[in-house]
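Next come two complexes, and both contain chain A; in the first it sits with chain B, in the second with chain C.
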Partner chain A sequence: MLQVIVRRLVYGFLILNIMTVFLFLVIRLIPGDPVRVQLADAAVSQERIDELTAQLGLDKPLWEQLGSWYAGAVRGDFGMSFSTGRPVGSVIAERLTLTIELTILAVVVAVLLGIFVGVISAVRRNSLLDNVLRVGAVIGLSVPNFWLGLLMITFTSTVLQWVPPLSYRGLLEDPVQNLTQMLLPAVALGVALAASVARLSRSSMLEVLGSDFIRTHRAKGVSERAVMFRHGLRNSLIPVLTLIGIQIGGLLGGTVILEQIFALPGLGRTVFEAVNNRDYPLLQVCVLLYGAIFILVNLAVDVSYGWVNPRMRKAD
Partner chain B sequence: MTDQAAVIDRIPADTGWSELRRFFKTQTVGAVSLTVILLFILVAVAAPLIAPYDPISQDRASFLTGPGGAHLLGTDDLGRDMLSRIMHGAQISLYVGTLTVVLSLVIGSIIGVGAGYIGGAVDATLQGIIDAVMSIPPLILALFVASLLGPSITNVIFALSVLTVPRFARMARGEMQRIKSEDFVNASVALGAGRIRVMVRHGLPNMLPSLIVISSLGYGQVIVAEAALSFLGIGTPPPEPSWGLMLSQGTTYFQTAPWLVVFPGIAISLAVLAFNLFGDALRDFLDPKLVR
Partner chain C sequence: MTPPVLEIDGLTTSFETRQGRVEVVSNVSFAIPQGESVAVVGESGSGKSVTALSIMGLLEGNGTVSKGSIRLRGRELVGLSNKEYRLIRGRNIGMIFQDPTTCLDPVYPIGHQISQALRIHKDLSKAQARARTVELLTMVGIPDPVSRLKSYQHELSGGQRQRVMIAIALACGPELLIADEPTTALDVTVQAQILGLLQKAQEETGAALLLITHDLAVVAEMAKRVVVMYAGQVVEEGLVDEVLNQPRHPYTAALLRSVLSPDMSRDEPLHIIEGTVPGAHDMPGGCRFNPRCEHAFDTCLTEAPGLHDCGSGHRSRCWLAQRGERLEVSV
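Presenting the complex of A and B:
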């Protein structure tokens, strides 16, 4: 198991480096000089442009720029953000926790809701309830999360006359207000994953329930509840884990737009601001960080296979 | 040898029409979703003819009127007819979706087929790049590329292709590796078939079903991504009536005019739902092993 983790970590690190070079090249090779774009509206002299270009190191050869970026990165220095004039690292550090919290909440909502619906569907298969839930799951898969977020805000403000508090409070500062602010975006973000978890856990549960060892358990008199939960559910969790790993990318992408809609100052909001301000040093690190979260989540999924299924602990 | 080939040619193959009939018979949901897709295409193409109003011209006298009456789906803050805007919005979704999917299909399968056939270091390098690009959450990557290019419909297509090409390439690569080791390919190579022939005559036709399925599923994702980019103001520029752009304009008035937020969202969801269900049905139809 340890070997698997180490191998995955090494590969993840390699992927992250390819990503770094890829983003680096894309920024510099796509026409549109960051300095000129940044100064496009202001009437600035050629000397000032040259000065800024030199200051940002954009006049040096590509490999040298990449080299100096890496040299800084290993010391925790990711350069200066154009728009805020502060180090990229400190801008991001303030905002990362919100996005991680939002992602975790969304996954928790998705897994709880999805498995709950999936199990009900499987236990009551082909009933009216099952059919309604299955149609609901298909619709849940296709509804864009940002539209769902907008609908929620529209609904709570017009029908319930309630708007989430506007000024953001951290989880440790004010847990109650924090969670009331995070609830709606987390649900909007989690619905699509919940829908696919529901579909998958229904079918894998049905498959497990039809297998020989379940019949044996029933024959030896294990209660139906224990069959469902201890044996059926547990064995149908593995594909659900895989699904989380696959879908986490879509979920992370959704944070950009939902943080915008719900006025949450997270990493997604930072990406949006960096895009609008053409703040490439900041944008590059944000994108990398999203990639790193994606890779880490998938690593965690791989590791947790061993936890759910003891057989996999022994496998290489 | 040539005689045999001639005989094989004369065996009546499944024609397109009989396949279509079989699809409609066996895949009810698929048939319904295909109908919705055709309707979506029809509305998009015929929008200039069937839309009751001009989607861009403003009518200050009747701004923010609710659904019903002269404006079936109401008007926006500038008095533009929502129904007409949604119809023209379908045009943008169709345009962006089709071009992105076709572009990624072509580029992705060339890269994938090549990598899958050649194997070795070329394949390993490419696999690393594909893994790296696919580890960036799709919307973030699209935002990144779109922001470098600036807002325009062409740039949206380019940005979305950057995220779909690796998906097509990965699929084509896996299929090519599978096909390469099949007996009929070995036989063909033994008879003197060259690399290009193996890739084009054996590889592509045999992976076509899988490529069609991911095209349909990808189409839905591209529509959502275009809407998301436009919603954030980095996609289709105003005053074009893109569905995502309409949603973002509606956010200002969601309390007084909820229809501005509701109808474009329904349009997006319906289109995506149709492409997703069609893709699923197509997968069941083309891969009988999956049908229980």
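Presenting the complex of A and C:
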């Protein structure tokens, strides 16, 4: 197992390097000049522009810029953010936790809600409740998360006359306020995943409950409850876990817009701002971080396969 | 006199389908005395597995026992609540299924799956259940049982899996062991071992055995009495020696003739029974076997024969048997 983890980490590292070069070039292809965006003044002299370009290091050839980025990166120095003038590392450090928390909350919401709904649907299959839940799942799957987020804000503010606190507090700083702020975006982000988890766990559970080994358990005298949960559910989680692993990438992407909508100062919102400001160094590291999170999450999912599915333990 | 371990009387099992209610097992009766083994033979679709599942109370979907009675040591099983049935399954009746590759739970170690049965029905501590599980694994011939406790089904061979299934079925010392085609999915070399194991287990525990199979060689080897089923009915029943040597029903005779033997020559035509078992919703009128029967005559097409006693408990559902006619087995 350890060997598998190490190998996957090495692959992950290679992927991140490919991403680095690719991002470096793509970012610079975005129309617009960071220097002009920064100066934001048409009447600036050419000398001032040249001076700032040199200061930001944008006058050097691309390969040299990339080289100096790497030279800094290995020392943990990711350069200065163009727009804030602060080191990229410290800007991101305070925003990364929010996005990670948001993603984890969304996954928790999706898994709890999705599996709960899926299991109820499977146990009460073809009942009225099952049909209602299945229609609900299709709706949940079809609604875009940003629209759902907007609906939630509109609903709570106009009907419930309640808005979440505007200034962001960290989880450790003020857990209650933090969770009130995070709950709505986490739900908006997690609903689509919850819906697909519900659909998959329903069909997977039904398939497992029809299998021969479930009959063996019944023939042993295992109670119906244990048949459902200890054996049916555990076996049907295997494909659900795969689904979650695949979908988490999409979930991360959703944070970019949802953080903007809910005014949360996270990594997603930073990406959004960095694109607007043509803040090359900040954007570079933000997007790389998304890649790193994605790689780590997938590794975690693969490792947890072995826990759920013994057939995977000795594979590879 | 103690009642037989299993007594089935007029068992009729039906399923609700879109075409309406169909009887899959019709009016089946037989009994298994203490320590004895009875084989039920028939083609696929003859209702033998449904009979077994009816006894276990494990009919799938919308199947129900609509008539008749199933008594285990005199206790009526038909109509028991799910809870009451649960206490009988695994404790009084153990069951072994056809395909051991799909019958064991892939995510739990086999030791757990065996001791689970013990801990449901017996008041055992974890350590006691473990010790008993090791005993059971030893008994069914799994080498190095202690280290095998933690094995998963995918780490075992087909034969070993079936041994584990037997250990599960025997765990609580059942009075009745049902084996539904226990060797069909196994290699020929392993089949004999598993049958030997079943025989040994039956001798040691004194359990009655209900063996379901389509293999007449297995019947000859394992059982004292045989029940031949066709299209949901018992068509012939009697002592194995009598039925196999002197069948009184054309279906049994045809089954015997279709058995392959190594000393058949290559040019000799295979004896096959033309056609298939009729589906439950398009049963032929008269005798259910008449479309495939080489002896069928006009009465067979219109009137359904009853089970006729040909003497010494050998019964046949055939008009020929009622006339006292003998059937030719060898060709």
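Keep in mind that, in the parts below, the second predicted complex is superposed on the first by the 303 of 316 C-alpha atoms of A that agree within 3 Å, B and C clash if a C-alpha of one lies under 4 Å from a C-alpha of the other, contacts with A are read in each partner's own complex, and residues count from 1 in each chain.
By our rule, contacts are C-beta pairs under 8 Å (C-beta built on N, C-alpha and C of every residue); 3 or more make two chains touch, one makes a residue touch a chain.
Bear in mind that the values here come from a model prediction, so they are computed numbers and not experimental data.
K.L.:
Return fit or clash for chain B versus chain C, each positioned on chain A through the superposition.
P.N.:
In the arrangement built by aligning on chain A, the partners chain C and chain B fit side by side.
K.L.:
Once chain A of both complexes is superposed, is A:189 in touch with chain B (first), chain C (second), both, or neither?
P.N.:
neither
K.L.:
Output check: A:235 vs chain B and chain C. Expected answer is one of first, second, both, neither. What do you get?
P.N.:
Only chain C is touched by A:235; chain B is not.
K.L.:
Which partner does A:221 reach: the first (chain B), the second (chain C), both, or neither?
P.N.:
After superposing on A, A:221 lies in contact with chain C but is clear of chain B.
K.L.:
With the two complexes superposed on chain A, say which partner A:258 touches: chain B (first), chain C (second), both, or neither.
P.N.:
Once the two structures are laid over each other on A, A:258 reaches no partner at all.
K.L.:
With both complexes superposed on chain A, which partner does A:110 reach: first (chain B), second (chain C), both or neither?
P.N.:
neither
K.L.:
Once the structures are superposed on A, label A:141 by its partner contacts, choosing first (chain B), second (chain C), both or neither.
P.N.:
first
K.L.:
So after the superposition, what angle do chain B and chain C open up at chain A's Cα centre, nearest 10 degrees?
P.N.:
Roughly 80 degrees separate the directions to chain B and chain C.
K.L.:
Once the two complexes are aligned on chain A, which partner has more residues of chain A within touching range, chain B or chain C?
P.N.:
B
K.L.:
Superposed on chain A, how close does chain B come to chain C by Cα atoms? Whole Å, please.
P.N.:
17
K.L.:
Counting contacts the way the document defines them, which residues of chain A are shared by the two interfaces, the one with chain B and the one with chain C?
P.N.:
Overlap of chain B and chain C footprints on chain A: empty.
K.L.:
Using the touch definition from the top, list the residues of chain C that touch chain A in their complex.
P.N.:
Within the complex, chain C touches chain A at residues 56, 58, 82, 86-91, 94-95, 97, 99, 102-109, 113, 116-117, 120-121, 152, 154, 165, 168-169, 171.
K.L.:
Note which residues of chain A are touching chain B in the complex, please.
P.N.:
Touch residues, chain A against chain B: 14-16, 18-19, 22-23, 26-27, 30, 32, 138-139, 141-144, 146-147, 150-151, 153-154, 157-158, 248-254, 256-257, 260-261, 271-272, 275-276, 278, 283, 286-287, 290-291, 294-295.
K.L.:
Flag every residue of chain A that touches chain C in the complex, lowest number first.
P.N.:
Listed in rising order, the residues of chain A that touch chain C are 211-213, 215-224, 231, 234-235, 308-311.
K.L.:
Quick check on the complex: what are the chain B residues that touch chain A?
P.N.:
Residues 128-129, 131-141, 143-150, 220, 224, 227-228, 231-234, 247, 250-251, 254-255, 258, 261-262, 265, 268-269, 272-273, 276-277 of chain B touch chain A in their complex.
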